[in-house]
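Chains: A, B, C and D, in written order; residue numbering restarts at 1 for each.
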Amino acid sequence: MLKKQHIPILVTIGLFVLMFAIGSFRYTGFFSLQVLMNLLIDNAFLLITAVGMTFVIVSGGIDLSVGSVIALTTMISASLVQAGWPPGLVIPMVLLIGALFGWGMGAIIHYFKIEPFIVTLSGMFLARGLCYIISINTITIDNAFYTSVAQTKIRLPGGNFASISVIIALLVVFLGFYIAHYTRFGRNTYALGGSEQSSLLMGLPVGRTKMLIYAFSGFCSALAGVVFTFYMLSGYGLHAMGMELDAIAAVVIGGTLLTGGVGYIVGTFFGVMIQGVIQTIISFEGTLSSWWTKIVIGVLLFMFIILQRLLSQRGWAQRR
Amino acid sequence: ACGSSGDSKTASSTSAAAAVSPSTAAAATAKADKKITMGFAQVGAESGWRSANTKSVQDSAKEAGIELKFSDAQQKQENQIKAIRTYIQQKVDVIAFSPVVESGWDTVLKEAKDANIPVILTDRAVDSKDTSLYRTFIGSDFVEEGRSAGKWLVDKYKDTKEAVNIVELQGTTGSAPANDRKAGFDEIIKSNPNLKVIASQTGDFTRAKGKEVMQAFLKANKNINVLYAHNDDMALGAIQAIEEAGLKPGKDIIIISVDGVKDGFVAASEGKINFIVECNPLLGGQLMQAAKDVLSGKELPKRIVTKEGVFTSEDAKRELPNRQY
Amino acid sequence: MKQGGPVLQMTGIHKQFPGVKALTDVNFRLFPGEVHALMGENGAGKSTLIKVLTGVHSIDQGVVEMDTKPIKILSPLDAQNAGISTVYQEVNLCSNLSVAENIYIGREPRRLGRILWKKMNEDAAQLLKKRMNLEIDVTQPLHVYSVAVQQLVAIARALSISAKVLILDEPTSSLDRGEVVQLFSVMTRLKNEGLAILFVTHFLDQVYDISDRITILRNGEFIGEYLAKEIPRIELVSKMIGKDLELLEELPKGDAAAQVHNEVLIQATDFGKKGSIEPVDLTIHKGEIVGLAGLLGSGRTELARLFFAADKADSGEMTMAGSSDAIHSPRQAIDQGIAFCSENRKLEGIIDDLTVRENIILALQASQGWFKTISRKRQDEMADEYIRALNINPPNPEHLIKNLSGGNQQKVLLARWLLTDPNLLILDEPTRGIDIGAKAEIQKLVLSLAQKGMSVLFISSELEEVLRVSHKIVVLRDRHKVKEMVGDEISQKNVMKAIAGG
Amino acid sequence: MVKHHLFWPLTFLCALLVFNLIYSPDFFAIKMRDGHLYGSLIDILNFGSPLMIVSIGMTLVIAATKGVDLSVGSVVAISGAIACLMISHGDGSLVSVVIAVGTALLTSIVLGVWNGFLVANIGMQPIIATLILMVSGRGVSQLITSGQIITISNPHYKFIGAGSLLTLPFSIFIVAIVFLIAYLLTRKTALGLFIESVGCKPTASKLAGVKSKTVMFFVYMFCSLCAAIAGLILSSNVSSADGNNAGLWYELDAILAVVIGGTALTGGRFYLAGTLVGALIIQTLTTTIYMIGVPPEITLVVKAFVVLIVCLIQSESFRKSIAFRWKTRHYPAEREVKQHA
């Protein structure tokens, strides 16, 4: 059953495939399962963050704190683990902290009617600042559990491999999809983004939903932080700088409207993949200077969005 | 002075490379049939120093006949890791990179090791316990730079009895050069209780911020004797602020900075900066040589220290014509 | 019919908005098994009473009792839980969600927390078919449907909530006669099942058709509660407006033939758009009022939008007398002297955050461009003029339009377009939500404008209204033009026959 | 008076200044030095001027598009780079400086047109459209400077950001001029009305005949132009162009200033004077942090709390809930409706 609202998603997927194909023709070693797997391995944390961000944006808000929360999570994890805490305690704890942090921001947004942009911007400063208070240096993790999770390779046919983080990220994507489409919380999120006033008049629990959304985003960021900790095996206050923009861009490229109400988790998945492919292409090209790298990223992004719009026809990204 | 550029050293080590054992030489020629490909994962282009570093690597690669795969991580470690993964995927002959931070490299370096690709670090080390993950590390030592700055200051004020008020312009909060240059400096000046850092704030390594912060320092503190800036750009911004306040940089306020970019040297030769600790970005030649050595099977020392000098105003005047960046 | 006390009782309700006293000491009772009409002019406080009851606004003073127990309702959710189901005046649904979701959101059928989409869609389709006689694709997002359909969906949502009290705030304002009959039959059935229904409308006929009891508000004050069969029409109206009114039965349309100039203003040939309206030929003369009649979704709005270039036609063409420029955008249409007052005042009409004055002058200022600014003095004059002419309440030009009552917003929009002094005025449901007094005024106004040479394209779901004002009536059915009649041909019987397809 | 939209921001600004006064008594001291005024307050105005200018442009973008312009930071860098590059190759005369400045400003207008084109004609979401220029613009500015810092010494150019007129920093006059132009354009012509109506409800405005595309083009052009002017001031102030770092994170500060000034990110009504106060609050806060010697590690935490406090004070719900702290535990839906109706 092909519906009109699914066309943009298909176009996005198609363009991803196209970009991958172009890369494969152009560069040797590009066309392989491992390159695809690396996209997932290297973007697992972004994927997880972006799923949380999708909910926030669909509800008509925005969460700028995600990058800092990731950094804070790595920092807390690293300092505690190095202090001898067992990972089995540290990980649930940081996840709880992330969720509470998000919930707190959601509560301020809801009860005091302050713009999400500002509240989460303060959250961003705060989380980043807390990192520096813990330490301005990087803290290396040499805990056996963390290193083994980080270095476990999940063997795939043909000598390829994935990592545990990939499994986590894919689970989160699936979970996000399920929550968005098959739970009341998910549908309330869409309603909230469509019109907050109407949601209220229809008797939906606006306040609770809103706080839950930010808590969920905080939880996702913290989970991304855990995955990031696996990835880096260190805590550092400067980790994940500017990640919020990457996440927002991925969500928007995936067809979610910043004005809220319309959005797709699957789209977000491909939004992340597309950013990854652009980066991979640039690395494979390997002849661009620092500045040309930036320019080319911009140009590729531009071409992608233009094509996406042309192919999916009638402005689905049109703001109402 | 001691401001020898990397290139002179390249020449000497090239001759050393000629004396290789026959077996490795065979391997080397086998490789030499094919052009060497190097993947270089640069941190970014956040400063003039970094751009000079990039240019040096690119130029030296061309000169040495090495095909360079270059990528820019935009100051993000995760991007650097991604780039290294693509190099592994592309089966380059050797991977080189300047780590953004010391920690967090084990996983990807293991992958490189599994794929039999040697890794060379430049500019900064990694803190892996497993030192087999990389072949060698070419670069400077930020803590040492801080120490050099401190030593000069301690030396200068060794006879002074009254308190010396120091203000410090730090680099980007949390960044490795900022942390280390501060740590090295603090370590040394501890020895003289008269030397007191009365204000310390980040200037983000930029001129504009350096000027802005210095201006606030000048208003908040009546008596500043010394300025220690973590890089030349902040020092140059601060000089403007000092001049606008009607003071003479280098005279009323002693200025110490790190890096030694050309503009810094100009200021030093005019006497506005009293002391510069050099941090040499021109590592390209050494890097290419090391790459060739590694591929020809030569054992390399785990650390190749770049030759870096310290310059007083007089040294700077002499050295200025030789500065290229 | 009524046993025992009221299910809902409000006593001594006060509500003050910044600068406006919306309710003063209002009492209201609602018994099980009755339809209770709440009557009053635009801005009398009907919607406000409903909103304070359902927790949208807080109550300044007063008591609400349900089943004789005082209750506190702090949010619409509380109201819903207390057994009050409401359709608010403006369609308050989420247009990004599907029709089915809009009906069931918050109450979706679930198993183990998982929403059963299939069941929900089937239920929704069935509910709409059975109760509203509406067969549409319930999986489509709501915004693809016209306002009328959206209103039906809102009603369906309210009906599907099993409640003790049902509140309908002007549910019929954009429904045609057939739909209204359908709705009334549902209401009668529910009433007989013992539901208490609060019903707001400006149509007197409907009040007498369905309601048992009437409460009248005037200027936020409680005037009285009456049994419908005991209060005659004239008395009802005079109580509403506070003075006697000679109800206009026959409007002086004058001699149609003499009035309408022979001069052609607009000539559309083969004008249409695939998927929304089949090609139509239509001629509009100078000073002519052309009424569009048809059922819901017959394509009246669609045709009007084509004339204004709000949608782009893909066949045929439209030419305007004295100009050869094609019209590609609303802006060009305005430049050519066309004005379009949309039926969807919430989305396409009012600019919420602007004041009444700014909303009134917006179109005129837009056509004059950036730099030919209308001086503040002129703006105030114009705003005052139309506030007086259309009796906009409160008469304060600096009031934010979003704080006006629905009917008054509609009047502001009318003022916006009248101010541009167009050659062709397109009015899509201009009297939607407007009280009887003002409605008569507007009809008179339209006729007098036509007399002065303005052409009008008039769309209304109220057939009598169309018959009353139009010189020419075009009947649409299933997005086709089926009939055009002028002069003596125009009669209720003929039009109905054409609409029904006889 | 409490109702006025400037009341709370101004109160906060004053509180911040008074705090400084208590901390260092000669904070308000203004001396005469070499024919111009010298003191902390002057510094705040001087260093705050680029932010004020960018924020003015940002206000219009936010009001008209419900979106933001992320590219301002890159435009700041590009304009400084172009001007300094041209001056460093020129003969140093006033004419060559004027040409360089003109070229920089013209370029920025082109960049603004580009943003406007993507948003208005292609219909991209503003944040993505401007993200493209944010990323690639930074690359362009580095391309222009070859990744190095271009240092120049030109007295004419230096005057823009570091010169003084009538004893006051010249940049303050630039702010005044930009503000005046923006004010006159939006309040004395119909442009302000159009911006507010397009920002509040694009569909309805279009049907009312407002040329929404033209409005969007204009606001992006104006915002870019503002950013370019700010870039010139910044680079002239330090007599050098830094393609890498100039204007980094400016977009966030500018958006913050706009919101503190009372303009909502959801578009519609905007307050230019409020924006100026917002920018001044941010600059004063920065200066305060330097003056009282907050350690860099906790600077961000301090900033987070201050931002939150400013916004809480402005939030009516917060003030009310403080007023009857325990009485009203519930928040009637009314306020929510009022916000979002």
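The rule we apply is simple: contacts are C-beta pairs under 8 Å (C-beta built on N, C-alpha and C of every residue); 3 or more make two chains touch, one makes a residue touch a chain.
Computed from a prediction, not measured in an experiment: that's the story for all the values here.
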Point to revise | Pair sharing more residue contacts (C-beta pairs) when A-C is set against A-D | key: A-D
Exercise for review: Give, as an integer number of Å, the spacing between the C-alpha centres of chain C and chain A.
Suggested key: 44
Check your understanding: Using the average of all C-alpha atoms in each chain as its centre, how far is it in Å between chain A and chain D?
Key -> 29
Review point. Measuring from the mean C-alpha position of chain B to the mean C-alpha position of chain D, what distance in angstrom results?
Key: 35
Review point. CA centre of chain B versus CA centre of chain C: separation in Å?
Key: 72
Review point. What residues in chain B touch two or more of the other chains?
Key: 45, 51, 54, 173
Review point. Which chain C residues touch at least two other chains?
Key: 56, 75-76, 347
Check your understanding: Do you know which chain D residues sit against two or more other chains?
Key -> 142, 147, 203, 296-297, 299, 333, 337, 341
Practice item. Could you please write down every pair of chains that are in touch? Key: A-B, A-C, A-D, B-D, C-D
Check your understanding: In the complex formed with chain C, which residues of chain A make contact?
Key -> 3, 5, 181-184, 187-188, 190-191, 193-195, 197-205, 261-262, 320
Revision key, fill the gap. Listed in rising order, the residues of chain C that touch chain A in the complex are 56, 75-77, 79-81, 86, 88, 92-97, 101, 105-106, 108, 110, 113-115, 117, 139, 141, 143, 157, 347
Check your understanding: Which residues of chain A touch chain D in the complex?
Key -> 108, 111-115, 117-119, 121-126, 128-130, 132-133, 136, 195-197, 200, 206-207, 245, 248-249, 252-253, 257-259, 289-299, 301-302, 305-306, 309, 315, 317-320
Check your understanding: Which residues of chain D touch chain B in their complex?
Key -> 24, 27, 33-34, 38-40, 43, 47, 142, 146-149, 151, 162, 234, 237-240, 242, 244-246, 286-287, 289-297, 299
Revision key, fill the gap. As the complex stands, chain D meets chain C at residues 188-191, 193-194, 196-197, 200-201, 203-211, 268-269, 330, 332-334, 337, 341
